[in-house]
Every structure is written in structure tokens, then in C-alpha cells.
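These are the structures in question, set out in turn.
In the two assemblies presented below, subunit A is common to both, partnered first by subunit B and then by subunit C.
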Partner chain A sequence: MVNPVLLIAVPLGLAFAIPLFAFFWRPAAKYIPPAALVFNLVVSILLLAQVLENPLIVSIGGWQPPFCIILVAGPLGVLFSAIIALVGLLVSVYALDYIKEGPAEKYNMLFLLLLTGATGVVLTGDIFNLFVFFEILCISSYALVAYLRDKAGIESAIKYLIQGAVGSSLLLIGIGLLYGLFGTLNMADIAQNIKSVSPVSVFVPMVLIIAGLGVEAAIFPLNAWLPDAHSSAPSSISAILSGIAIEVGLYAVARVIFTIFGASSILLFLSLLGILTLLIGEMCAFSQNNIKRMLAYSSIGQIGLILFALAIATSYGVTGGLFQMISHTLSKALLFLAAGYMIYQAGSMEMSALEGLGKKMPLTCLAFTIGAFSLVGLPPFIGFPSKFLIVQSALAAKETFFSVLIGLALLGTVIEGAYFFRVVQVLYFKGEETNTPRKDAPVTALIPMFIFVVLSIVVGIYPKLVTDVLNSAASELINRLDYIRNILG
Partner chain B sequence: MSFLNSYIYYIGAFGLILVGFYIILVKHNLIKVIVGLGILDTGVNLFLISVGYITKGTAPIFSRPGIDSEYMVDPVPQALVLTAIVIGVAVLALALSLAIRLYQHYGTLNLRKIREQRW
Partner chain C sequence: MRRAVTIILLIILALGISRSLAKIPFGAHKTKVGKYYINEGIEETGATNIVTSVVLNYRGFDTLGEITVLFIAAIGLGAVLTTNVKGETRKIQPASLVLYTGCRLLFPLILVFGTYIFIHGHLTPGGGFQGGAIIASGFLLIYLGCRERRINRVASNLIESLGGLTFVLIGLLGLVFGSYFLLNFLPKGTANTLLSAGIIPIIYIAIGFKVGSELTSIIDNLIEES
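So, the complex of A and B:
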């Protein structure tokens, strides 16, 4: 049996050991993150088979819950840690060649810390611990956005930092209020006692916590930082921020709403907010000429769709939301990775500079096109089954409200299709016929992209590969009583 | 007055939090905004401490004789605050170093004048 603590301890230790290794052998800095993430991926997959039957509860320090910090390795947490390790591994392989300038050891250390924070958030069962891991994730992402030290990066990092710091203060106030009410920080313990106090006094900490986490999850009124930060960061970091950081934020929101508060009263409001986020994100993305900003706005749109699906709160809907998270992670990471070398080749992020690039770098552009098709939801890619599941669950909920909203969501998808097809058109059918030699991305970039493409096609054709895991992950979120019983016995 | 006596720490804490929010929302100078973040952090920390505090409280050391367990303060919020202080320091340090870079690029710290990134 493997201990889930290793999923956090090994990358954390290795992250801080990077400067030491780099002191003796400089290139070591580059190779430590892939090694740590291979370890995480293997451990997560080993654990996944085990936790599907029985969630694993690890108490740290040898005390009994609820008096200690616990790690809860349920299907949901381990599934997420596997995804984080997989995407992190592929992106770190991509970064071997992509990150040329700047202090490499700092980049790799912060990169690994970001992923450690994300893994910690999805595994922890203690709400203050969740805050700490969240801060690890946030602080390393502030620093990574400013990694290139150019004008845009610094400005976006400042914006991101100020909004993120206000958000985490709100989160901390909410946690303090919860501790004042219940005298415990264990999520299951709070969840057990939540009905014992008046709903009004629970409402204030709930709003504060959701608002605090919502900043990182980029839910509509709180997402002003996202397009700047995601578009000014180096492309490998954009892939991680879009593919992992905001998903982890949404995971935390879902965990707080479903498990801790068991709140059904605000779900309608959240689904409305989700659709609003979706429409605003897609419409802003439609009007962009800068390809990375377009991808960033499209992330906002996808977050809205996921939030909507989670807020349906049937087991179908939550499964669809989690499936969409995975499909967004794979497709958006692929899009950012491909866009990184396309921008590198074109020398500009403007759409007009990308004309005719499909002939110069065919493989990279093919990867981009597949990512775009998958995100829009065309079969046979992974985006199709996930969106299909969401539509199905919204209609199965048999409420006019959800049916109207899913109609709006489909409208958003049409807009999404419009701007992604425009990019594909620019790549292949515009620009002069020139005889510039073919110059594709290097092999270290093509291999991760190829793996993303294969994964999105395989899962798109056989969604059964993941739906079993997703179903038990969704039931972990919905059946809060099982969660409480598993932890407190 | 008894209301003030029992809630004075909460009033102070939320006062600091509101002052911090006000500065962050209203001021244009980045350094002032960072100071606002610092005040906000302090307010939150004070709030966390006052959640666990009792009047005339003492340290919760069970091995020392002569301390009534009724007057022991809750040690958990203090542990939380230690962590929160460290996190706050990290954020402020990063913010200040970014402010130096920002000044090198733009020659100003006025946030109204730095508007290259738009929706």
C-alpha cells in the first residue's frame, strides 16, 4: 500500500531541493519536475484502483480525526491528483526546450510548488490546510506569471496578486467564522454539525468562502485578472494555469458547497452565474485578435459551463461537470502548448501573423486544430461526450429553468465554434503561398502534444474508460453523509 | 459599555479589515495598495486571535501547576495566525518586488496610468 502523503511530500521536498541539485549540476533543475511528476502519476494510478472501493483516510501526527489534519484520498481527490500529475508531467516535458531564458531553477521550483499546492488542495480534509495549499498554489502562480519580467507580465502579475490576496483574505475570514461557530477545522466535522446552528449564521461564512475561492476559480464578477494573467505568462505556465489552477479552484468551490454546507438553496444562483460566466467569456473571446487572450477568455467560458453542470447537482450533472473539467484540462493544455510554438514561429500573438502557418508547422497546427475541435465539442474528441452528458443531465433535471439555461449554453458553444473555426481558417486557408521551409516545433514539444491528442481521441471514442471513475467521484461529492461517515466513523 | 467590552476585539478587527478594503479599492498608488493589503492581513489575523481569546486568559500549558483550565485560551487560532502571518509576509514581499519591477518598466507606480492590458 502506498501512502497518499507521498503525493504531497515528494514533490514538495524535491521542489526545495532543486537549487541544491542545480548548484552541483545546472541542468538537473530541468529534469527534477518530470521525475517528481512521474512518481506522482504512478502513485495516483496505483491508489486509484484501491480507493474506488474504499476511500483512504490518513491522519497526520497520529491523532484521531477530528483532532488532527487528515488527508482524504477518495476517488475524487485521487482522480484529480492523477490528472494534475499527468498534465504537469507533459507540460514539464514541453518546458525542457521551451523555457530558454531566465533563471531555470526558479522556474522549475515554482512550477513544482504550484502542482504540489494543487495536489494538496484536492487531497486535504481540513479546511485550514486547504487554505494553506491554496496559498502555495496562488503565490507560485503570481510569481510565474511575471516570469518573463516583461511589461505585460509584471502588470498582470500585480493585478492577479492584488485580487488573489483579497480573495484569500475573504477565505480566511470565512474559515475564522466557521471555527468560531463549530470549534473545529475538520471538513467532515463541520459538515456534521452544520445543521445545529441557524442558517443565517452559516450563510455569511459560506458567502465569504465561495467569494474567496471564486477569485481563483474565475467565476464571473471575480475574473478580471484571468485574461491578463493567462495571456502574459509563458505558454507552458498558461497551460498549467488554465488547465489546472482554475479547475482546482472550482473543485474547492464544489467541495465547500456540496460537502461542507450541503447547500441546495444557492445552487440555482450558481447555475445562473455559471451561464453568465459562459456567455461573457465566449463573447469576449469572439472579439479578440490576440490568440492567447482568446484562449484565456475561452477558459472563462468553459469554467462557466462546468459551474453550471455542477450546480445541476444531480449525479448525472456532477459527473458531466467533472468530465467537462477533464476534457477542458486536456484540450486547453494542448491548445496553449501548440499556441506557444506557433507564437514563437510567427513572432507575434496577433491573429494576422498566424496566416498560412498550417503549411510551415503542420504537426503543431494539426494539434491546435484537434484541441480546438475537442473544446468546441465535435466528435470523436473528448469534448463531445462531456458536453453531451451536460446537455443530457440538464434536460433530465426536468425543470424549465435548466432547459432554458442549457439553451443559452448551447448558444455559447456556437459562439465558441465560430471563433475557433476562424483561427483554423486563418491557419490553413489564408496567407500567400510562400516557399518557406517547414520548421515544426521540437520533439520535446511534439511528444506531449501527441499524447494529449491521443488521450482526447481515445477517451472521446471510449468514454467508458473514465465514466466509472467519474461516477464514483461524483457520488463522493453528492453523498455527503457517506463522506462524513467515512472520516468520523 | 458591556457590549463594547465584550466585542471590542471584533470591532477592532473588522475596522482594520474595512480600512484595508477601502485603501485597496480607492488608492491609486501601488505602494499604498500594498500597505492596504498589509492592514487587511493584520485585521484578519486579529480576528482569528479574538475568536479563541477569553478575558484574563493564560497559555494552555497543562503541565504547569496552578493554572485553571477554565482560563486557558484556545491554542488553535494562534497556530492558524502564525501560518497566516507567514503567508502574508510572502505575499507582501512578492508584491513589493513586483512593484520595483513595475517602476523600472513604467517609471510610475500610479495604477491609473498603467493600462496596457484591457478587456
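So, the complex of A and C:
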């Protein structure tokens, strides 16, 4: 039996050890993150087979919950940690050649710690511990956004820092109030007792916690930092921020709402917020001329769609939301990675500079196009089954309200299609015929990109590969009584 | 008009929040984990300082996270503030003789006090974070008083790295010896003596070194930039 704590302890220890390795052999720094993430991927996959039958609860320090911190490795947490390790691994391989300037040793430490924080958030069963790992995730992303040390990077990092810090403070106050109410920080223990106090007292902590987590999850109107931060970070970091950081934020929101508060009354409000986030994100993305800002706004749109799907709160809907999270992670990471070298080649993030790039860098542009098609939801890519599942679940829901909203969501998808096809058109059908030599991205970038491509096609054709895991992950999220029983016995 | 509306809205918000918070029994006997820690802490962990027993034993994983947060803050600051121009020297005005001598005199005393605080973290108020902060304040004094002195950055990075690594490795040893991460696998000794509480003093010493060198490197970065 593998202990899930290794998923956090090993990358954390390796991140601490990076200066030590670099002291003896300088290039070691950049090979440690891939090594740590390979380990995490293998352990997660080993665990996944096991936790599908029974969730694994481990105590830290050897005490009984609720007196200690526990890790809950259920299907949901382990699925997320596997995705984090997979995407992190591919992005870290990409970064081997991509990150050329700046203090690379510090980049690698921050990168690995960011992913460790994300893994901690999805595995922990303790609300204060969740806050701690959330801080690790957030603070390392503030620093990484400013990594290039240009004016745009520093400015957006400071914006992100201020909003993130306000969000974290709200979250901390909310957790403090919960502790005052229940005298415990164990999520299952709080969840068990939540009905024993008056709903009025629970309301304020709930609002504070959701608002605090909502900043990182980029839920409208808390997402003003996102377009700047995601567009001025190095592309490898944009891929992680868009593909992992906001998904983890959304996971935390879902965990708090479904498991701790069991709040069904605010779901309608959240689905409305989701649709609003979706429409605003897609419309802003449509009007962008800067390719990375466009991708960043499109992330906001996708987050809206995921939030909407989760708020349907039927087992279908939550499965669809989680599926959409995976499909967004794979496609958006691919898009940012491809865009990184396209911008590098074109020398500018403006759309007009990308004209005719399809002939100069055919493979990179092919990868970008597939990512775009997948995100829009065209078959046979992964975006199709996930969006299809969401539409299906919205139509099957009891409230007709969701059927109306899904119409609006489809409108958002149409806008999404419009601006992505525009980029594809610019890449392939614009610009004069010039005989510039072909110069594609280096192999270390092409391999991760094409692994993403293959994954999105394979899962797109055989969605069954993931739906079983997703179903049990969704039922972990919905059946809070099972969650409580598993932990407290 | 607008101001009046704002004030009214704020009052409504404040009333709502206070109504909700009024029912929360802060600090009451009801806090069940708190009561458990106070009653069982000394016996179960061997640390007389109950705060330490919670911070490093019952909730040691959080502390591992906290030192990581501080680590990230220090290296993040370093990453952002790294200057591209090397060897640029600024004119430094030397401090007066009184300040210079005073700083040199106080520096070793501050180091000893900081070390005392983190070594006795399990017995008296204080611990690794506090002791580390005191040590860093000693270095700050040197930076202000003996202005041409600089710390050895490589050494401070290595100390940081080793401190963090020690914490994780002790945690992993717990996994090896007793199948729990961060298990207190060493003998707990008699309470109230220096050599008690198992792994707690070792972790606090590692944290003390780590926090001290981290805060010092933050000071170093900020002074270089200013």
C-alpha cells in the first residue's frame, strides 16, 4: 500500500533540495521537477485503482481525527492529483528549453511548489490545512507571474497579489468563524455538525469562504486579476495557471459547498453566476487582439461553464463538470504551450503578427488548432463528450431553469467557436506567400504538445476511459454522508 | 445622496454580520479539540509548551506548509528582485563609531538569545519561527551598523535548503518507523527537561535555522534593491 502523503512529501522535499543539488551540479535544478512529477504520476495511478473501491484515509502524526490532520485520498482527490502530475510533468518537460533567462533555479523551485500546493489542496481533509496549501499555490503563482520582470509582469503580479491576499484573508476569517462555531477543523467533523447550529450563523462563514476561494477560482465578479496575470506570465506558467490553478480553486469551492455546507439553497445562484461568468468571459475573449489575453478570457468562460455544470448538482451534472475540467485542462495547457513558441517566433502577441505562421511552424500550429477545436467542443476531441454530457444533464435536470440557462451556455460556445476559428484562419489563410524557412518549436516542446493532442483524441473517441473514474469522483462529491461516514466511522 | 446610500448599505451589512456572529461561542469550553489538547497534550507529546505540541505534533503538517510559504516568499522575492547588472557599487556612508561598536557588541548576544528561544521551543514560549526572527533581527542590525558587510548567499541558501529537508526527512522517518508521516518516533523523555518531546526540538532547531536564514536573505534582497 502506498501512502498518499508521499504525493506531497516527496515533491516538497525535492523542492527544498533543489539548491543543494544545484550547488553540486548546476543543471540539476531543471531535471528535478520532471523527476518529482513522474513519481507523483506513478503513485497517483497506483492509488487510483485502489481508491476506486475504498477511499484511503491517512492520519498525519498518528492521532485520531479530528485531533490531527488527515488526508482523504478518494477517487476525486487522486484523480485530480494524477491530472496535476500529468500536466505538470508535460509542462516541466516543455520548460526545459523554454525557460532560458532569469534565475532558473528559483523558477524550478516555485514551479514544483505550486504543483505541490495544488496536490495538497485536493488531498487534504482538514479545512485549515486546505488554507495552508492554498497559500502555497497562490504565493508561488504570484512570484511566477512576475518571473520575466518586465513591466507588464510586475504590474499584473501586484494586482494578482492584492486581490489574492484579500481573498485569502476572507477565507481565513471564514475558517476562523467555523472553528469558533464547531471547535474543530476537520471537514467531515464540521460537515457532521453543520445542521446543529442555526443557518444564520453558518451563512456568514459560508459567504466568506466561497468569496475567498472564488478569487482563485476566477468566478465573476472576482476575476479581474486573471486576464493580466495569465497573459503576462511565461507561457509555461500560463498553462499551469489556466490548466491547474483555477481548476483547483474551483475544486475547493465545490468541496466546501457540497461536502462541508451541503448547501443546496445557493446552487441556483451559483449556476446563474456560472452562466454570467461564461458569457462575460467569452464576449471579452471575442474582442481581444492579443492571443494570450484571448486565451485567458476563454479560461474565464470555461470556468463559468464548469461552475454551471457543478451547480446542477445531479450526478450527471457533476460528472459533466469534472469531465469539462479535465478537457479544459488538457486543451488550454496545449493552447498556451503552442502559443508560447508561436509568440516566440512571431515576436509579438498581437494577432496580426501571427499571419501565415501555419506554414512556418506547421506542427506547432497543428497542435494549436487541435487544442482550439477541442476547447470549442468539436468531435472527435475531448471537448465534445464533456460538453455533450453537460448539455444532457442540464436538459435532464428537474428544474426547467437549467434548460433555459444551457441555451445561454450554448450561445457562449458559439462565440467561443467564432474567435477560435478566427485565429485558425489567421494562422493558415492570411498573410502573403513568403519563402521563409520552416522553423518549428524544439523537440522538448513538441513532445509534450503532441502527448496532449493524442490524449485529447483518445479520450474524445473513447470517453469510457475516464467516465468510470469521473462517476465515482462525482458521487464522492455529492454523497456527503458517505464522506463523513468514511472518515469518522 | 450617494454617501447616505453607502452608509445605509454599510449599516445593513454590519447589522447582518453582527447578528450572525453574535451566536458564535468564541473561546467557550465547547471547542472540543482545544480541550483535548490542553488535557492530553503534555502526556501524549512530552512538550510542556502546549502551543508547541499543537504546532509541531498534532498539526505538524500545517507547520510544514507554513515554512514552505515562508520559503516561497523568500525565493519569490529573490526571483523578482534579482538585478541584471552585476558589480554595480553604490557609495555607502559608514555608520558612526558608536553605532558600529554597539552593533558588533549586540550581535552575538542576539544570536545566543535567538538560539535559546528555538532550542527551548518545547518548554517555554517561543519556538523556531520566533527564534529565527530574532536571529534575522541581529543580521539586520549588522546591515544597518556595519554597512559594508554582506551575508554569504550560497551558505544561506544551503542552510534554508537543509532546514526544510530535515523537516521532511524526519516526517518520512516517522512513515518508516511507524507508518504515519510526522509520527513522534523518538522517546518522549521526562517533561520539562531539554531532552524531551522526541522529534519536536529537532524540528524546531531546523526551523530556527531555516527561518533565520530566510528572513536574513529577504533583508539582504531588500537592502540591495533600496
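Simple rule for what comes next: the second predicted complex is superposed on the first by the 488 of 489 C-alpha atoms of A that agree within 3 Å, B and C clash if a C-alpha of one lies under 4 Å from a C-alpha of the other, contacts with A are read in each partner's own complex, and residues count from 1 in each chain.
Rule of thumb we're sticking to: a contact is a pair of C-beta atoms (placed from the backbone, for glycine too) under 8 Å apart; a residue touches a chain by one contact, two chains touch by 3 or more.
In this text, all values refer to a predicted model and were calculated from it rather than measured experimentally.
Shared-chain residue A:Val132: touches subunit B and subunit C both.
When the shared chain is aligned, subunit C comes close enough to touch A:Ile69, but subunit B does not.
Which of subunit B and subunit C touches more residues of subunit A: that partner is C. In the superposition on chain A, A:Pro379 makes contact with neither subunit B nor subunit C. Residue contacts after overlaying the shared chain place A:Pro227 against subunit B, while subunit C stays out of touching range. In the superposition on chain A, contact of A:Gly102 is made with subunit C only, not with subunit B. Contacts of A:Arg149 after superposition: both subunit B and subunit C are touched.
With both structures placed on the common chain, the touch criterion links A:Ile173 to subunit B but leaves subunit C unconnected.
In the superposition on chain A, A:Gly407 makes contact with neither subunit B nor subunit C. In the superposition on chain A, contact of A:Leu185 is made with both subunit B and subunit C.
Contacts of subunit A with subunit B, set against its contacts with subunit C after fitting on chain A, overlap at residues 128, 132, 135, 139, 142-143, 146, 149, 154, 157, 179-180, 183, 185. The touching residues of subunit C, counted against subunit A in their complex, run 16-17, 19-21, 23-27, 30-37, 44, 57-62, 64-66, 68-69, 71-73, 75-80, 82, 154, 157-158, 160-162, 164-165, 168-169, 171-172, 174-175, 178-184.
On the side of subunit A, the complex with subunit C involves touching residues 3, 5-6, 9, 12-13, 16-20, 23, 58-63, 66-69, 102-103, 106-107, 109-110, 113, 116-117, 120, 128-129, 132-133, 135-136, 139-140, 142-144, 146-147, 149, 154, 157, 177, 179-181, 183-185, 197-198, 200-201, 203-204. In the complex of the two chains, the subunit A residues touching subunit B come out as 128, 132, 135, 139, 142-143, 146, 149-152, 154-159, 161-162, 165-166, 168-169, 172-173, 175-176, 179-180, 183, 185, 224, 227-228, 232, 284.
Of all residues in subunit B, only 17, 20-21, 24, 30, 33, 37, 40-41, 44, 47-48, 51, 74, 76-77, 80, 83-84, 87, 90-91, 94-95, 98-99, 101-102, 105-106, 114, 116-117, 119 touch subunit A in the complex they form.
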